[in-house]
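Two complexes, one shared chain (subunit A), two partners (subunit B, subunit C).
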Partner chain A sequence: MAELKIDNVYKSFGEEHILKGISLDVTDGEFIILVGPSGCGKSTLLNCIAGLEDVTTGDIILGDTNVTYEAPKDRDIAMVFQSYALYPNMNVRKNIAFGLEIRKMPKAEIAEEVARVAKLLQIEPLLDRKPSQLSGGQRQRVAMGRALARRPKIYLFDEPLSNLDAKLRVEMRTEMKKLHQRLGTTIVYVTHDQIEAMTLADRIAVMKGGIVQQFGTPQEVYDDPANMFVAGFMGSPSMNFLRCEVTRHENDYAVQIESQGTVFQLPVDPKQADLSNYVGKTVVLGIRPEQITHVMPHLVSEQFITQVPVKIEVTEPTGADTLILARINDQECECRVHPQEAGKVGDTMDLLFNMSKAVFFDEQTEARL
Partner chain B sequence: MSVSRKKGIDYWLPKLVVSPTLVIALVFFYGFVLWTTFISFTNSSFLPSYDFVGFDQYVRLFMNPRWLNAMWNLVVFGVLFIGICMVVGLVMAILLDQNIRAEGAIRTIYLYPMALSFIVTGTVWKWLLNPTVGIEKFVISLGWDSFIFDWIIDPDMAIYTVVIAGVWQASGFVMAIFLAGLRGIDTSIIKAAQLDGANLFAVYTRIIIPSMRPVFFSAFIMLAHIAIKSFDLVIALTGGGPGNSTDVPAIFMYQFSFQRGQLGIGAASAVIMLMTVLAILVPYLYSELRTPKNG
Partner chain C sequence: MAKSKNPSYASINGRAVLYAVLIIVAAYYLLPLILMIMTSFRSMDEIRMGQLIEWPKSFSLDAWSMAWSEVQIGAREDRGLRPYFINSILMVIPSVAISTTLGALNGYVLSFWKFRGSELFFGALLIGCFLPFQAILLPQSQLLGWLGLSGSLPGLILTHVVYGVSFTTLFFRNYYVNLPHELVKAAKLDGAGFWVIFFRIILPLSAPILVVTVIWQFTQIWNDFLFGVVFSDPSSQPVTVGLNNMVNSSTGEKQYNVDMAGAIIAALPTIVVYVVAGKYFVRGLTAGSVKG
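For the complex of A and B:
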């Protein structure tokens, strides 16, 4: 186990720049998730950490050693691949033992280690099977077992759950989290699934276009996004972005929204943003669907809550909640209400806009205000 | 939907289209296989006769030193041809698999000999190996006066020239088969092995080559049947000579059946060749048809 420091790493293929100055500090035992849309460079970064690809400039420091120019095998890193990459000609036992054999570990110790890992992952009954005789979830376990067997300094996971079906993915996610809590290993994990990122990570690095947009705990990234991309990428259903004008409101500011011909002032919590330079201008209001709810009497009188009647355009029941698509400022806005409170399509319904967690972005730069 | 039991053109057309091929296959392949087997148990000479003589022709066949010589040549040629083709093909495929430039062009060049007929290969190599016009002449003209490369006229060595020409022709094809096999391997397996600490040599010898067993089998089967039925190459290259030193069973069969008027013994040799092919093919088919159980 060790800490990992990625210092200003650039990676280019000819004229194409994949990574543009990535710096991350990962502390010992941390579970870091790199998340982003495809093509954002997250897998390339992982390959650079593993040494499967060389960095163009920058340093990768693992523990106390600079491993930037070391071969993959000398870095003491284990990796779990999306396709699991099990050796098809070997049974599970040999798959797990391979890395140990190559490193010339004594036979007895290898057997002991394989037994330990198999017990840990509950794959003892599978040890004599070939990979082709395993199901997806079993292969996934074996791939993890192979990584665990060597006790490397750091573990890398490249979208390990994306080949599993939805139910199994959720199960394996929980198991992976338990495993991490038990072993306390340093993990760098790549995924494009923001739910996976939220649930598993100690800290999330949201990437786009070869740049880390934000690096923080899941709650930070969710509540306090650095820009519109992060705000839109994290959370499902995603945050509503409403362009609206800033006005003065009592001693503070408010944003103006229009619904069914009526204009409403939504007061802005001064803790969330200082909009003094934007009076009369347009900003992007970012408000998550769960902050627009049905009318709850005990909330109506709160300071940053406004009651607004909207026309329901679409309803999407999800069981626990019903999502309502409304039209605000002539833009679509998704709201999350209790199923029993939800009206029918075409009805007008009163909703509460809770501005205490709303965020604001510059219309042009998309940066957080 | 109509309940009519009448089967329409959709039902008959595929059967109709396939039937000529089926008839041809039944008559000309299986029919003549049976007829040849039948003839091999008769005392046919110039013309087929139908007097049964039991295994007489087989006894005569295996008493004939030319046949034994031809069988021995087949063993030498087969083992060397298959072995060298596999090694050369595999090495070339592994080298080509290293993401090199102009791979498409190189692959085509290596594959080209397969597009030639064995007659052309044999003729070209006959000239190349001819001491008075070929390689030997060339090296001597460069100034190495004592250079000798006259295997093609040496009865003890001539069979190896057949191996050389055969390898030249077939190894590119074997390379293509192996290359396809290598391409079928998930590249992340190689990455995983590298992270596990294996060097490139260990990656190939311990993981990739062992997991290509089916590919090896296919290549072996193809080469083996080329070896057993080899006829045109030998005819064009050495004509079976010098003397009978490069005789192979196919030449023996042809000469006894159609030139020496000993149809019975020729048929017997043909049956032995068929048995040899079956001896290789049957275990192969058995293993192929048996596998789909555990994917």
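For the complex of A and C:
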């Protein structure tokens, strides 16, 4: 176990710049998730940490050692791959023992270690099977077992769950979280699945275009996104972005929205943004679907809540909630209402816009205001 | 289901046609071999009195022992094809072993340990696959002369190894690029180095392509006549050259039965290799699609 410091890392393949100055400080025992769309450099960064790719400039410091120029085998890192990368010619026991054998651990200790890991991951009955005789979930466990056996300083996971079917993925996700809580190891985990990121991480690094857009706890990233990309990437269904004009409203400011020909003023919580320089201009209002709900009488009178009638264009029942697609400012806007309150397509329905968690972005730079 | 009342009937008809065609084609290819075998069991008297193509009236293995160890080929003391056959074996085993080993190592490096210019290197190596034998005769004989290997078995082996490496590299490289690269990454993180990864991870997965390469190289080298006749002297001539000298001998009576037996003897090892490893050959050729 150790802390990991990534200091201003650049990685280029010829003229193609994959990582453009990544800096992350990971504390001991933290579960860090690198998340982003494909091509954002997250897997490259992971490979750089592992030493499978050389960084162009910058430093990678593991514990007290600068490992930037050390070979993968000298870094004391274990990695779980997307394809599991189990050695097909060896049985499960040999797969787990391979790394220990290479490191010349005595036979008796290897057997002990394999037994410990097998018990931990409940793969004891599988030890004599070949990888081809295992199901996807079992292979996943073995791959994790192989990583756990060496007790390395840090664990890297490269989209380990993406080859599993949906149900198994949710199960393994929970299991992985339990495992981390029990072992308290430092983990860097790459995924493109923002739900995985939200549920597993202590802190999330949202990446795009080789740059870390935001590095924070799941709740910070969700409630307090640094820019429109982070806001849109995290959360499902994703945040609504409505272009609207800023006006003065009593002593503060409001944004104007239009629904079915009527204009409404949505007062802006001054804690969320200072829009004094934007009066009369257009900003992007970011509001999550769950902040637009059916009318709940106890909320109607709250300060930053406004009741707006909208026309329902599409309904999407998810069971727990029903998602309603409405048209605001001639833009699509998704709202989350209780299934029993949801109207029919074509109906007009009153919705509550809760602005206390709304965020605002500059239309041009897409930066947070 | 609705199209035909008896769908199994239609499929039987299709099968029948298929098998008929297969039997005809198989017979077409087998007939020369059958004829050779039959002739080799007949005596010269019988052939002289009767037709060239005829059922044997008597059965004798005399022609086989003649061809193997008694017939006079050229002016050498050792009689029969046996010394040539031994030369071929002494040539083919090291040639196949060395060229296959080099091919496996080349393929491993070109797939998993790419270096600057490795693609270019591979491309240059591939040109070797398109070079006709005839094109390298002169430069190769010059080289063998410089090395002092002219007319010797090591010279022949060197020639076959160099010529074969292009093919073996191509085979192994194309097989290895289809293996998941994460295997090698995982092994690197497990602490394994170049050779450990090769011997413990990659080589055990190479059985299908190993069989393909060995069969390919064995057949090529065993059946080669041109290198054998150009780069050898009487003490190192392979069996193909021996057979040629025996059959084309212009003195004395043409002994058809001995010629046929000799030809079969010369072809026997390749037949054995195909029969023993043939099913792996087909499997290996399609092995690229197998998942890890």
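The rule is simple: the second predicted complex is superposed on the first by the 369 of 369 C-alpha atoms of A that agree within 3 Å, B and C clash if a C-alpha of one lies under 4 Å from a C-alpha of the other, contacts with A are read in each partner's own complex, and residues count from 1 in each chain.
Basically, a contact is a pair of C-beta atoms (placed from the backbone, for glycine too) under 8 Å apart; a residue touches a chain by one contact, two chains touch by 3 or more.
All figures in this text were calculated on a predicted structure; none of them were measured in a lab.
With subunit A as the common reference for superposition, the partners subunit B and subunit C occupy clashing space. Of the two partner chains, neither subunit B nor subunit C is touched by A:Leu179. By the touch criterion stated above, A:Ala111 is placed in contact with neither subunit B nor subunit C.
Shared-chain residue A:Gly99: touches subunit B and subunit C both.
In the superposition on chain A, A:Ala85 contacts both subunit B and subunit C.
Residue contacts after overlaying the shared chain place A:Gln133 against subunit B, while subunit C stays out of touching range.
Touch criterion met: A:Leu52 reaches subunit B and subunit C at once. When both complexes are overlaid on chain A, the residue A:Pro72 reaches subunit B and subunit C alike. With both structures placed on the common chain, the touch criterion links A:Val170 to neither subunit B nor subunit C. Shared contact residues of subunit A, touching subunit B in one structure and subunit C in the other: 50, 52, 71-73, 77-79, 81-83, 85, 87-89, 98-99, 102-103, 146, 150. Within the complex formed with subunit A, the subunit C residues making contact are 180, 182-183, 185-193, 196, 200-201, 204-205, 292. Here subunit A touches subunit B in the complex through residues 50, 52, 71-73, 77-79, 81-83, 85-90, 98-99, 102-103, 130, 132-133, 146, 150, going by the rule given at the top.
On the side of subunit B, the complex with subunit A involves touching residues 186, 188-189, 191-199, 202, 206-207, 210-211, 213, 294-295. Partner subunit C is touched in their complex by these residues of subunit A: 47, 50, 52, 71-73, 77-79, 81-85, 87-89, 98-99, 102-103, 146, 150.
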